[in-house]
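A, B, C and D are the chain letters, set down in written order, and residue numbers restart from 1 in every chain.
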Amino acid sequence: MTSTRVGIIGTGIMGTDHAQILQRFVSGAELVLVADVDLDRAERVASQLVCRATSDPLGLIDDADVDAILVASHDSTHAEFVLAAIRAGKPVLCEKPLAPSLAEAVELISAIGDKAALVSVGFMRRFDPGYAALKAQIHDGSIGRPLRIHSVGRGVSTRPGWTDELSVTSSAIHDLDIVPWLLESPVVEVTWLAGRSAADDFHDPQLILLRTSDGSLSTVDIFLNARYGYDMRCEVVGDAGTASIVEPVRVVTDTELTRLTGYAADWRPRFAEAYRLEQQAWVDRINGVPDGAALATAHDGLVASAVADAVIASMHTGGVATPVAVPEV
Amino acid sequence: MTSTRVGIIGTGIMGTDHAQILQRFVSGAELVLVADVDLDRAERVASQLVCRATSDPLGLIDDADVDAILVASHDSTHAEFVLAAIRAGKPVLCEKPLAPSLAEAVELISAIGDKAALVSVGFMRRFDPGYAALKAQIHDGSIGRPLRIHSVGRGVSTRPGWTDELSVTSSAIHDLDIVPWLLESPVVEVTWLAGRSAADDFHDPQLILLRTSDGSLSTVDIFLNARYGYDMRCEVVGDAGTASIVEPVRVVTDTELTRLTGYAADWRPRFAEAYRLEQQAWVDRINGVPDGAALATAHDGLVASAVADAVIASMHTGGVATPVAVPEV
Amino acid sequence: MTSTRVGIIGTGIMGTDHAQILQRFVSGAELVLVADVDLDRAERVASQLVCRATSDPLGLIDDADVDAILVASHDSTHAEFVLAAIRAGKPVLCEKPLAPSLAEAVELISAIGDKAALVSVGFMRRFDPGYAALKAQIHDGSIGRPLRIHSVGRGVSTRPGWTDELSVTSSAIHDLDIVPWLLESPVVEVTWLAGRSAADDFHDPQLILLRTSDGSLSTVDIFLNARYGYDMRCEVVGDAGTASIVEPVRVVTDTELTRLTGYAADWRPRFAEAYRLEQQAWVDRINGVPDGAALATAHDGLVASAVADAVIASMHTGGVATPVAVPEV
Amino acid sequence: MTSTRVGIIGTGIMGTDHAQILQRFVSGAELVLVADVDLDRAERVASQLVCRATSDPLGLIDDADVDAILVASHDSTHAEFVLAAIRAGKPVLCEKPLAPSLAEAVELISAIGDKAALVSVGFMRRFDPGYAALKAQIHDGSIGRPLRIHSVGRGVSTRPGWTDELSVTSSAIHDLDIVPWLLESPVVEVTWLAGRSAADDFHDPQLILLRTSDGSLSTVDIFLNARYGYDMRCEVVGDAGTASIVEPVRVVTDTELTRLTGYAADWRPRFAEAYRLEQQAWVDRINGVPDGAALATAHDGLVASAVADAVIASMHTGGVATPVAVPEV
């Protein structure tokens, strides 16, 4: 049986979560090495998951026992590690974004050239059973022709130093990928808006309007200090009906004059299934197992970054903005 | 026991519904006379509800046995009948709008002068238990400071000859009233937008952005050929949580591999309770029974019309518009 | 317009609730007099609702200004007041039960003789929109032939001195009426069971099995110290699907990592609509307004008492019991 | 990395589903061989999942490349294959039941002797996130002391030749395992009941009453021709609240005057997650990976069979029955 030996760069919250999922729940893969600038942190993860640890990410990439690399380190380091992995000829799954700015992402893709197929980008929502079911329902025609999507992304709180731009590049970017993916139509125009804010020093919630080339006008409501829970909503409005995702609750409790279900405090329980299926699809592809799932490509990552750039342009100018065309890869 | 004798002008769908609610379910009132340009139609309603019928609306207003008037005739006739009722010194509950245009509404209010307190306007959503509970929840602080409202209004289909403007003045006007009523903050800026349409000859769905003086940025999504059902949604997003109305379903059915609840085909079952409570509040006020409920005043009607006018201005200019100030009444 | 002048006996929680509903929300009726052994309590209600008060219930019944009587006093007094009302030739709506025991109820009905049509019994669930919709759905065939009902009745807490028998005669009696009413088939066999209890001195929850003459085997789960809320559930299982009532919530709130809806603390908000519609149907009948609704008759009250008696017999013997046949009235 | 090489006996619906899950989604395992009396059927599965096929189940058990065996063949063959696997010294996960009758199951366990720890039984509901969350909630005290469970199991239709006894041994057996597992208290008394039936030749639905040694009285409602869908419900009633599992839906659709979610047509989508987690726990144990999950043991299988036997005894006698004590293993 083919088993892909994976190295993971970054053992923060995101990388640790990836490591646990990969080691415990992915068929045909084996976690062999983790790297972090904080070696202690890497060693704790390695000890728990029974693999090796290093503080040298480039060493991890070149390690003879590592067949494929998952990049979950700080956003600013993604481009460097992706490029190194490609140069080592190894498949790489990179958490979004590929690079801190669109320009750097474009530069990275140029440098990669015809090896771009080795790169996958972590738009895991495409693997979430809810979003996948929405897409299937658009396809099967049960809600007619899609006209509009309302996409809502809410989190409990942001870390200190957060900015309007980070809300776009770190959070809304998932919506900027998923809306055109659902509609199968690229974003051609964006508008950024905000009003009364829950935060003192940046705008929260934001409202982003998206026009796609099919003419649909969609909304993205991002609110990262919503306090009440980590809550992703998405409604596709068609001309024969609507379809909406439901938070995947398993138990309802009656107590103290209320009927209640729980919200996750962050993305990990909400998207555990999506991350598992995304990793499985990535590993399956490496192992040559045919599958129908849609890993986001380097080009998908570029496109989403171009839309995010346009949103930030609209934020700064106050007007409508158009995403730039990105090179085919 | 005081019993107010009510005359209803208009026995179309709306007027007939009002007549049945009043005669069957309102305490302290009695339906004595109905008027319609189509006398046959009026007589059918009169026969069913055991009252008199006429084809003369002005005669109804002046009828000695009529204490109060409910106007549910064609929009274009509202102003005339309201004015006549006021001149007869009788309280009048007028279905929205007071007049076809803001200018005519302002003219009407000027003509009424200091008798405006006799006029109530049919913004029945304020009496819907769902919207009322939302307002109570904003007040009790359980979701913190309100930051944004998402108000959604959907219907099954429009009648022939529908226009973009009618979507605003006949349907969205309820949202244009309820959003500032919930926030207790007037609308200061509006933007009208639309994208891909389900209709050939007008824009459906529409998207209206509302800024209120508290700084909140809210959305109104109006889709009147949504086919799937009559569906009103409203979410208030606060800085400590959110609250949303729930369609008032009573039964869930499991059959044929689905779990389902029903949607109303039009507003009547959805807002039956709201219409009943609105009429009761109106009758109670006439009968001198103290109540805490908030009938919409002539001024509320003017304000909503001014916002609707601004939405139509934005529709025509493509830009942001500001509602004009309306006279105090 | 005909207006029935109503006197209400009993101004405890139940009677006060009835008085408010009647005075504020029922068309064609007027509350003129309330009676209570505690005159102060009666006067407080009278003052709030603008009617007269007395401490003499028999005087209320014979009062020349009282056309009809609603009995909401202590269970032990129902039979006496119903009999007095009938002797005065006045319609009476009596809260369940008609009498403390089946024998006394049978005796009452015998004494009433051919005037039984003047008596209605307060099985208000028949007017609840949820149960009414269940019944409609059984009729329209959408869930096929009914095979089983699961009826659940839960309350927050019982008052001191509660007993197993009171759970049956004061609470389960509603289920013992509603199950055969839904199935249109009388109860022919009952079994009482209990297990681990939340209470020290009586059994709570109870489990009652009902066989109806159509062969269906249904369950009634009564739990009156359930603490979490006042919660009525009912599922009808048919051979083509199931239908279940839904608690009539209007708002859902997201806060503190939970999504929640509220439960009522007692029956008043839960059945406000049912009580209103029941009173309206009673008043309509008195006023000669035709209606299709099903007020429970004296015979219905007898039948339910006979079933309750059988449940208590099963409780005491530990075996299956059969309700006695009650006289036609 | 350790990888357990698994052979699966039986490639019917259940075995094929197991094979796909194991090969596609389980970490640390590899499907190497499938066996079926119908070699064509086995070869189709082998071809799809890239492994070998055989028509010789005993050969599979003894195959040098097979480390562990999953038995998903006809119920009547389970005991023989389990015994053979144990004699080969290989871990075996056997679909329930261990044997067609309690007597045969006891005999099997005796023959196995001190090797029983190699046997796991397929009570996968213990791994379903819903039931697992219920158990967690009982433990954390949020609903107080558990008093009663309502467990409901419904399927779309039974195959020809079905019997009352099969409803117990093939379907209710899951409830007979899960109720005491949740309560952590063994079943001490059972009663079988039935009423009006959807089937001509056997009783459907059934009602089973369970008393556990903690004094709780629970109900199991089994209805296998419910037509509307595959639907598992479970409510734990505690003295401070209740907790209920929710069908794991991901999308809600609005169309044609209804709001709907889908039911599965059989157990596969409903319990896909449970089967995956069960297989993963089994493989983890074999591979020496520590885990906290609770695979059902041979003893658990015996206990459930003893309860099922008692239910069938009650079915035949019409009275209360007590499960026999089973040997410790």
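We adopt the following convention: contacts are C-beta pairs under 8 Å (C-beta built on N, C-alpha and C of every residue); 3 or more make two chains touch, one makes a residue touch a chain.
Fair warning: this is a prediction, and the values are worked out from it, not measured in the lab.
*Asks:* What chains touch chain C and also chain D?
*Replies:* Chains that touch both chain C and chain D, as defined above, are A, B.
*Asks:* So, comparing C-alpha centroids, which chain is the farthest one from chain B?
*Replies:* That would be chain D.
*Asks:* Could you state the distance in Å from the CA-based centre of chain B to that of chain C?
*Replies:* Measuring from centre to centre gives 36 Å for this pair.
*Asks:* Return the distance between the CA-based centres of chain B and chain D, expressed in whole Å.
*Replies:* Computed from C-alpha means, the inter-chain centre distance equals 56 Å.
*Asks:* Distance from the CA centroid of chain A to that of chain B, rounded to the nearest Å?
*Replies:* Averaging C-alpha atoms per chain gives centres 43 Å apart.
*Asks:* What parts of chain B, by residue number, touch at least two of the other chains?
*Replies:* 227-228, 240-242, 254-256, 261
*Asks:* Once you draw an edge for every pair of touching chains, what topology comes out, line, ring, star, complete or other?
*Replies:* Basically all the chains touch each other, so complete.
*Asks:* Which chain B residues qualify as touching chain A in the complex?
*Replies:* Residue list for chain B touching chain A: 144-145, 147-148, 150, 193-198, 205, 207, 209, 211, 214-219, 221, 223, 225-228, 237, 239-242.
*Asks:* Show me the residue ranges of chain D that touch chain B in the complex, using the header's touch definition.
*Replies:* Touching chain B from chain D are residues 156, 227-229, 231, 247, 254-265.
*Asks:* Going by the contact rule at the top, pick out the chain D residues touching chain A in the complex.
*Replies:* Contacts found on chain D: 1, 3, 23-27, 29-30, 129-130, 133-134, 137, 142-143, 240-246, 248-256, 261, 280, 284, 289.
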